[in-house]
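Across the two complexes that follow, subunit A remains constant while its partner is subunit B and subsequently subunit C.
Right after this comes the complex of A and B.
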């Protein structure tokens, strides 16, 4: 499996990363190096093997459905780079017309 | 002259209790010692004087009132992956360069409750992605045994500070070897407990099905004391095991007579001569102490690196999606639109290795590749776990190399894939969620060699017992580098 320059651009778009055009070839080459390493799993006989999603096969533990934390809105909002009152600020997404 | 903690925390605690040393004196000595090794670049942030003084006073009061525990007043550094309330937590990334968490990680809170005094935050690979500590936004850490060489990673700063003898204890986290490998390359003891044993709450997530907190100290006895205080069920982490705290010191002096130790000839064949010789000597010492050695194999473990470099990046790409320039972390200047805000904030905030892993993970999870890579890697993960389970039917634990070689030179492994190979002997246990310990096992051409002990789930006490018994008959863990410039 090898990936192309075009693949890199598509993956980067999915991952919300912007690569400088001059870096795309070197990123592609390093990703292809990684892929040649990970491609070794294709040699394993995994027929009928159940995928392991948790290292001890534990399932999600549940807790009682009751309020356990108080609001820490002010503390958390204070971490944001741009806010307006109770809102996080982002560039305009929806046209108002 | 060695530091007052050099003979271990029990001895140190006795001195504090008898008033031969005050907490203020102890902490001042450690802080000064940390500053003297500033050239190692092992610390990202120092706790401010006021915060340290407050913790010192609390610890001294507990000692004076007779309510102190064995860790009261003991200074430590936390890997900069653990959230510390009011103390900058960067994860060695530009993304979090100015982030001051409003809460403590559970591990941090528990060690604080035990009376330990936080001196600062240790350097690491960015978002714990690396095996050499060279991917840190704050620059590489240097190995105290040879400043031209890496300390290992990702918990490189933690290992380097303990190795240099300037702090008695440091926390770390281990996803694919990030405690064991730097412990080996720096010549200290480090343990990664069973997945689920230590809370991940407040430990910035890299690969959630693999990440586990642990500890570095000179000797196993000290690791046991700290691990006992930091582990146990945490309702704030849904992957935390339900069992309560364990006293890991209780079995340290158990006899090793009849202990069945597995060794892996195939792994030993792939190590450099000095590492193999040190491992052979450990094996002989354990035999002298009554252990029985058995040769075993882990046939699918040679696929571990391949599976890991699909699973860990896949989980990382999901975990790191939270960094969007909106709620916290780096935000680009004057974004043109929402997509520009996301893309530029992330591209500016993340370093090269982090971006590479996000891209690999995004690719492995994308339509068309999910089955052939992510799903299949999870199947390989089970094969590896089953290999270990089979081996542990005939042996109690495994004695293995931690790394194929001793500390390599800064910049030596420039391409990612050669660096990924550094974790060839630590990744298999990580995939299976097993506890692993690295202990000083000797030197090869002046550089430390580590020996790894791997046991079944929840066998931490046994691993610490074996390491402690070995350390009763060796002094590698007590040797200090000259901290050469």
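Right after this comes the complex of A and C.
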């Protein structure tokens, strides 16, 4: 499978990334290199292999329903690029009509 | 089926309902889930997606999902797997939502709904899977920015996905109500619609009546009231029929219902929509749901609304409409049952009529719900006993109820005693009063005897006034008839 310039533009739009037109070709080439590796993996014969749900042969341990965390608001807010009062601020991302 | 012009159309509807689970802590972290807290104050390192944090599953959420599965007669997957659903939105800090794809915890099952003609219809369930809620984006505080509150991020949900088994907006609402009744009865959801504890997306398509192939569907997002679901679906069905009859084509897309304008509007088309790239979450091992856990939930399963309705009608003699209203409201049925249990001579039919009649009327008047009922069931039982034993009339009962409503801790018996409201048991005294009323109103007596039947109620009123409503109505009627017609 190879991806095209159009695929790159679509993926960039979904990820809300702005790509300079001059960079699109090089991004496409890098992604295609990754995909060629995947293509090679795809050629392996796995007909006799039972799908694995997780590499560790174990089951998830569960925790009791108890509030054990206190607010990390001050520390987390200090990490954010933009805040106001109680809120984190991000550029407007409303679904376009 | 909807008729429009010559062509008959049939709507096909499936619902996805997000049920917020009533846990104290989040699905994968120990942060609190309480609604209405100061923004961003219930956010742990994990909820904010800081690198190096790892999710740990809340056992109570697993239990609640299992309880739901048992109640709808579904299959519980003993090994259930969490998956990442990838999409980019700022109220989802990780860049993916932990949800389930293959091996959801609950598969299959069904819900029965009642149709207007009284018959029952089976609505199949595809699955119910566990997932975490996202945070909230608030778009209208700042002109340049969206404000983010992550308190809700990580709150556990089950998403209940139905088969496309509904054929009208009314059926969709009946189904939604039934799921609501069930999850509130099971105690797995607080049912608060305003706070978003129960939200619904609807998939709607139309096709020519009799056709077996499905039309292109649209998805109506995030509708959180029963009334809006019905209106939004009705509008969408009508819109699709209009487009098709005009020779147009339905585009698969997500539409938002605008309650103010009462219309649906395209939000984003699926062509531009996300490819979620689901894959098993490597941070979470498969969850083994033990037989012990399932058995424990089975043992605790409360009586389901339909079972309750059957008991109310079959053992207690309620009409099915009365039984349904009481049984489907967990708080109302609790009041009803406590009331019946507390009566000296339990009369469920009388209790039901009072609760649905006088008591409901006062609740409505004061804008209260059943949990805020000012008169405890045991006090109501005292009032009902007084009515049942004919100590007071129905009408006096209403007066007593109103007094009890405003005065906590006063019993019906005390009010009746203090205000002398007990019906006159002294027939002699009543007969004398009737004679006095007739003697005081000779003109009305003459008019009545010359054919003005309506005056009968005038005499009843006069005696009731003189006895302050304590005359026994049937006894009074007999007495008056005797004296006036001889």
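Quick note on the criterion: the second predicted complex is superposed on the first by the 83 of 97 C-alpha atoms of A that agree within 3 Å, B and C clash if a C-alpha of one lies under 4 Å from a C-alpha of the other, contacts with A are read in each partner's own complex, and residues count from 1 in each chain.
Throughout what follows, a residue touches a chain if its C-beta (ideal position, glycine included) is under 8 Å from a C-beta of that chain, and two chains touch if they have at least 3 such contacts.
On a predicted model such as this, the values are computed, not experimentally measured, just so you know.
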| item | value |
| --- | --- |
| Touching partner for A:58 - first (subunit B), second (subunit C), both, neither | both |
| Larger contact residue set on subunit A - subunit B or subunit C | B |
| Partner chain in contact with A:8 - subunit B first, subunit C second, else both or neither | first |
| First, second, both or neither for A:27, with subunit B first and subunit C second | first |
| Touching partner for A:82 - first (subunit B), second (subunit C), both, neither | both |
| Contacts of A:42 with subunit B and subunit C, given as first, second, both or neither | first |
| Partner chain(s) touched by A:19 [first = subunit B, second = subunit C, both, neither] | first |
| Subunit C-contacting residues of subunit A that also contact subunit B | 14-16, 53-56, 58, 60-61, 63, 72, 76, 82, 88, 90-93 |
| For the subunit A and subunit B complex, residues of the former touching the latter | 3, 7-8, 11-12, 14-19, 27, 30-31, 33-44, 46, 49-56, 58, 60-61, 63, 72, 75-76, 78-82, 88, 90-93 |
| Footprint of subunit C on subunit A - complex, ascending | 13-16, 53-56, 58-69, 71-73, 76-77, 82, 84, 86-97 |
| Touching residues (chain side subunit B, partner subunit A) in the complex | 99-100, 102, 194-196, 209-210, 235, 238-239, 241-242, 300, 303, 305-307, 309-310, 317, 321, 324-331, 335-344, 346-347, 350, 355-356, 358-360, 362-364, 366, 372-373, 375-383, 385, 415-417, 420, 431-434, 457 |
| Interfacial residue positions of subunit C with respect to subunit A in the complex | 23-25, 29-32, 38-45, 48, 56-62, 79, 81, 87-90, 103, 137-139, 141-142, 144-150, 265-268, 272, 274-275, 280, 282, 284-288 |
